[in-house]
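Labels for the chains are A, B, C, D, E, F and G, by order of writing; each one numbers its residues from 1.
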Amino acid sequence: MPGPTTAQVLLKALGTTVLVKLKGGREVRGVLRSFDQHLNLVLDEAEEVKSNKTRKLGTIIVRGDNVVLVSPTT
Amino acid sequence: MPGPTTAQVLLKALGTTVLVKLKGGREVRGVLRSFDQHLNLVLDEAEEVKSNKTRKLGTIIVRGDNVVLVSPTT
Amino acid sequence: MPGPTTAQVLLKALGTTVLVKLKGGREVRGVLRSFDQHLNLVLDEAEEVKSNKTRKLGTIIVRGDNVVLVSPTT
Amino acid sequence: MPGPTTAQVLLKALGTTVLVKLKGGREVRGVLRSFDQHLNLVLDEAEEVKSNKTRKLGTIIVRGDNVVLVSPTT
Amino acid sequence: MPGPTTAQVLLKALGTTVLVKLKGGREVRGVLRSFDQHLNLVLDEAEEVKSNKTRKLGTIIVRGDNVVLVSPTT
Amino acid sequence: MPGPTTAQVLLKALGTTVLVKLKGGREVRGVLRSFDQHLNLVLDEAEEVKSNKTRKLGTIIVRGDNVVLVSPTT
Amino acid sequence: MPGPTTAQVLLKALGTTVLVKLKGGREVRGVLRSFDQHLNLVLDEAEEVKSNKTRKLGTIIVRGDNVVLVSPTT
């Protein structure tokens, strides 16, 4: 029996913190507020994580075609 | 309840300063004047930020497919 | 006589552990829960494998256009 | 109130010098003669700028999908 | 007189071992089981070849847009 | 008044030598024989230019999506 | 008077040896057997050329979107 689709996993993750790995090795983390079919994301309280340092970014829009993977952290 | 879409976040940011991270590590900052569905952006009073140095660019057009993320700074 | 298609191989792998090689050299492993025609994947109990170290990621969504190859491990 | 679109900024810049940043770090400068919806550009009196050296190129066609940003310099 | 098309070469190679060169320098080898018009491939008894070392991967799906070239080895 | 379009510049350059900069830093030079809307080019008497050395290539076809810029040299 | 199109150059090169430069610096050489509008190529008696060493590959399929340029060698 197939499991949840990409959209179902993201729907369930709305309002929770997700880890997003981007092309080129960047990583951001934030509360998922919305997404679309291109995997464009809106994150709140976002922060960039780079070699154990974090930089607060507030609300961000992530362009879907840079996303490598999304991981709900809860 | 889902949050604002990408377009709604950008609409709200019109006239305010946004930080834009580009592919290849470049970063620009400027006042968002307009955007379209490809995430093409027009920024005023833009400046490029590179290793703590800034370079004033004035009005710029950013091609959407180079955008990694957009962060309204207010 | 041609063998199974990409979709047939993935269908058969649902519920089992797959190894996914991503662009840029990243590798993740996890239980395949779903996939679509773009090779977007949902993996459970996923972990990233980097130079013999693993990092647990839980459930993840992998964007299809970063996938280089998928290997069912059973 | 939204500002000028990408096309409006370019229309206004016709006949003036623009700075164009390209993927891979290249930069060219020249008088904007025409553009299309793909951001293909025709520049006159163009020159490439690389680490403070310039190389005269005359009239050039820039392929839009290499453009990172365009900055009217006036 | 033109020779065989891409599809004809692959059809003839079904069931035989092919060498596949991927973007980024990776190389895999395996028995071709199926392919589609995007050059997505299913390989059996696949192994990755890296600087004279091989790693057995079993059955794999190769995403077509990472393929640089395919070489039937017989 | 807008200037010549990309196609008009290339039409005028038919039969003359053009410099073509390619992605990844490659440069070729040759007599432009034809082009299409994707910026695929046919060049005669082409030569590759790499760090002040040239290599004669004869007639070549350049795939448009590797073209960064085209510069008629006359 | 415009010269031959890309397709005409390739048609004329069928059955002769062509040099193909690929993205990432790879180079292959072989007898052109067929091509399509995406510049997918079938080469016979192909060999990869890397820093003056060659490796025989036999018949190969080259995926068009990796092709930078094609040069008929006769």
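Some points to look at:
The working rule: a contact is a pair of C-beta atoms (placed from the backbone, for glycine too) under 8 Å apart; a residue touches a chain by one contact, two chains touch by 3 or more.
All values reported here derive from a predicted model rather than from experimental measurement.
Where touching is counted per the definition, the chains common to chain A and chain D are B. Distance between chain centres (mean CA atoms), chain F to chain G: 19 Å. Once the centre of each chain is set as its mean CA position, chain C and chain D turn out to be 42 Å apart. Rounded to whole angstrom units, the spacing between the C-alpha centres of chain B and chain F is 33.
Residue positions of chain F touching 2 or more other chains: 23-24, 65. Moving round the ring of chains, first from chain C across to chain E, one meets them in the order C, E, G, F, D, B, A. Chain D meets chain F in the complex at residues 14, 22-24, 26, 28, 33-34, 36, 40, 42, 44, 46, 57-63, 65-66. Every residue of chain A that touches chain C in the complex is listed here, in rising order: 1-6, 9-10, 19, 21, 23-25, 39, 64-65, 67-73.
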